[in-house]
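Two complexes follow with subunit A in common, the first pairing it with subunit B and the second with subunit C.
Now for the complex of A and B:
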C-alpha cells in the first residue's frame, strides 16, 4: 500500500514532504518534552526494527497469504515516536526493497503515519475506562488496528486516483474506490484482531511497554 | 538475513568516490526533476541520463534486475490495467476491452519515470556503505533523533530478523503448520509478533545502558567526517544543472 516513484507528479511529492515535515517536527517536539527524551530513542529504534520484522509475518488467507501493515499497533505502542518510526521504516523499505519510493516518501509517510497517530489517541482512550482490563485493551487494540489501516486505505486510494497522470471518469473512480475499500475490509478486520491480540499479550507479559507510549 | 543494498559499495567508480553529501543532494534533485516530467518528448533524455549514471557507477546489471523483481509487480498491474480504464480516445478494440490512447500515454510516462527514479536511487544508495549515506544525511542537517533512530534500527534489523527466523523454525519443529486462516492460528502468530516486540524492548534497555556508559548524549558531536573537493562540487553543479534542465525542458517544450 505504498505509492511507488513515478506515479505522482513532483508537486504532490513535494507537498507530501511539506506535510510530513511539521508532523515530524511536532512528534520530535513532543518527544523532547519528555523527562529524558534520549531514553526513548533506543526503545523506539529497536521497536521500529521489530515492527519492520513483524510485518514480514504472513497470515494465511487462502489461496494466498497477507502481511500486516501494523501502523495501528505502532501508534498504540510507540505514541509520538510512531510517525518518525514509520518515516524510517518506509525509508528502509524504499531503499532496501524498492517498495514505495524516495520521491513519494513524504506522501507515503502521511498515508501510514497520520493514521498511526490517530490510532495512538484511540488506544489512549482505554486509560479513561479500565486500563488494566484485558477486554478493554482488546477492544481499543482492535479499534486502533482497524482504524489505522482503514484510514490509510482511504488516503491511499484518494491520493492515487486523484493525482496519478491518467484520466478516469467518475464512474470508474467510484467503482475503484468501492472495490478497493471492500477488498481491504477483511484485511482491516484481520489487522484489528491481530493488533488486539498483540496488545492483550503485551499487557499480560510486559504492561510497561504499553504504558510508556 | 541479507538486505545488501550496499553490497557493491566497495567498488571504485567516480560515483563511489563522490562526496556522499554532494551525491545525495545531486541525485535527489535529479529524481525529483524526473518526477516533474510530464512531456513524453523528455523521456528519451531521461533514459539516456539514467543509463549514463548507471554505467558510470559500474554497478552490475544483475544488481538492478534483482532489485526490480519486487516493484515490477506493481508496475505490471498498472501496465495491464491503465490502458483499458483511463481516457476516452479508443485506439483499438480487443474483444470487449477498448485500448485507450490516454491510458497508453500514462503507462509510458509512469513506467519510464518509475524505472529511471528507481535506477538513480539504486546508484545513490548502492555506491556507498549504507551507514555512510545515513551519516551524510545527518551532516546535511537531518534531525539527530531521526538519524540516531535510523542508525540503531538498521544496526538491529538483521538481529531481530534472525530472531524471527529462529522462532518460526522452532514453531514449525513443534508442529505449527498453519495453512488455513483460523482464530487459533492468528493468536499464535500474534504471540510470535508480541514476543519479538518484548525481546526487542528488553534488548533496547540494555542497549540504552550501554550507550549511556559510552557517553551517549554527553559528548559533543564529532565533526563532519566528509570533505568535498572541487571535483565533487563541480559534479554536484553538473547534476543540479541537469535536473534544472529537465524541469525547464518540460515547461518550455
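Now for the complex of A and C:
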C-alpha cells in the first residue's frame, strides 16, 4: 500500500504534496477549534505508534500477503487528528524502514489519510441512530474500517495503473496490481472487524475516548 | 647428375617434412581466450522474507539512466542475474517492481571491480530496536500531553 520512491513521476509526487498540504492545514484548523486541542494528542500519539508498527503484521492471502493499515480505525477514533497522525506515521515508516518514501509521502498520505477522514464521517453517522448502543457502534466501526481501507485500495490502484513506466511490461504489472487489490478484500473485512471490536471495547471501558466521533 | 638428383630429392623431402610437421602440430592445438565478466546476482524479497517471484527488473546503465539497458523477470526465488558492461563504469541502477511495490538499488561497476555484496534494508534486531525507539517517542509524547497540569 506504500508507494516507494522512484515509482511515480515527479509531477505526481509534487501533486501529492500539493493535495496533502490543504488537508493537513484543514485538519489542524479543525483541531484548533476544539475547546482543548491538547486533549486529543495522547490518543493520537498512541494510535500513530500503532499505525507505525502495524505495517509489519503481514497476513498471508495467497498468492501474496498483505499488511494491516488501520487507517479506518484512526479515522473513527481520532477524527481530524487522523490525517496528521497518518502523515507522521508514514514519515517515520519512510525514514526508518523505507516503507514508502519521502518523495511519495504526499501521495501516500492522501491514499491512506483521506479515506481516514471519510471513515470519521461514516463513524459519526452512528450519532443519528442510538449512539450508546454497542451494536450500532460495532456496525459503524466495521463500516469505518472496511470503507477506509477500501477507498485506500481504490486510490492506490487508480494511481498505479495510470503511472506504470513504459520500461516495464504494462500488462504484467497491471495483472499484479489487480491481484494485490483482490488480496485486500479479506483484509478489508479483517480491518472492519478489528475497528468494530476496538470501538465497542472503547465504548465499554472509556466512552470518553470516542467523544470526537 | 645422379648425385645431383639425390641431393634435390633429399632437399624436397626435408622441405615437405619441415612444412608438414607444423601443420600437424596446429591441427592438435588448442586456444583459450578469456575475458573477466563480473556477474551481478540480485535477490529481491519483500519485508516478510517472501521472494518477489515474477517481479519485473529493469537495469539502467550509468551513462543513460532513462533508457533501460536490460529488462527481465525474477525467478521463483526472487533471483535475477546479469553481467554489466564493464566498459561503461559508474553506478548502475536496478529497479525491481511488482504491483507498485519494490525497490531500486545502485551498484558501482568499474574496470577494477571486485566482488562485493550489498544488502538493502535492516536485520530483525535493528528493526525491533528502531521500532522500539520510535514507539517510545510516541508513548513519551502521549505521556507528556496527558500529564496533569500543576
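Descriptive notes on the structure:
One rule holds in what follows: the second predicted complex is superposed on the first by the 175 of 213 C-alpha atoms of A that agree within 3 Å, B and C clash if a C-alpha of one lies under 4 Å from a C-alpha of the other, contacts with A are read in each partner's own complex, and residues count from 1 in each chain.
Operating definition for what follows: a residue touches a chain if its C-beta (ideal position, glycine included) is under 8 Å from a C-beta of that chain, and two chains touch if they have at least 3 such contacts.
Remember, predicted model here, so these are calculated numbers, not experimental data.
More residues of subunit A are touched by B (comparison of subunit B with subunit C). Of the two partner chains, subunit C is the only one touched by A:179; subunit B is not. Contacts of A:156 after superposition: subunit C is touched, whereas subunit B is not reached. Of the two partner chains placed around the shared chain by superposition, neither subunit B nor subunit C is touched by A:170.
When the two complexes are overlaid on their common chain A, residue A:87 makes contact with subunit B while staying clear of subunit C. In the superposition on chain A, A:77 makes contact with subunit B only, while subunit C stays out of contact range.
Comparing the two interfaces of subunit A, the one with subunit B and the one with subunit C have residues 4-7, 38, 41-43, 45-46, 48-49, 52-53, 56, 92, 96-99, 165, 167-169, 172 in common. On the side of subunit C, the complex with subunit A involves touching residues 46-48, 50, 54, 56, 58, 68, 71, 73, 95, 97-104, 120-122, 127, 130-131, 134-135, 138-139, 141-143, 145-146. Subunit A makes touch with subunit B in their complex at residues 4-10, 13-14, 24, 28, 31, 37-39, 41-54, 56-57, 59-62, 77, 84-85, 87-89, 91-92, 94-99, 101-103, 164-169, 172, 190, 193-194, 197-198, 201-202, 205-206, 209. Interface residues of subunit B facing subunit A in the complex, by the touch rule stated above, are 3, 5, 28, 31-36, 38, 67-68, 70-71, 74-75, 78, 82, 85-88, 102-103, 106, 109-118, 121-122, 124-125, 130, 143, 145-146, 148-154, 156-157, 160-161, 163-164, 178-181, 183, 185-187, 189-194, 196-201, 203-205, 207-208, 211, 216-217. Residue ranges of subunit A in contact with subunit C, taken from their complex: 2-7, 38, 41-43, 45-46, 48-49, 52-53, 56, 58, 64-65, 92, 96-99, 156, 160, 165, 167-169, 172-173, 176-177, 179-180.
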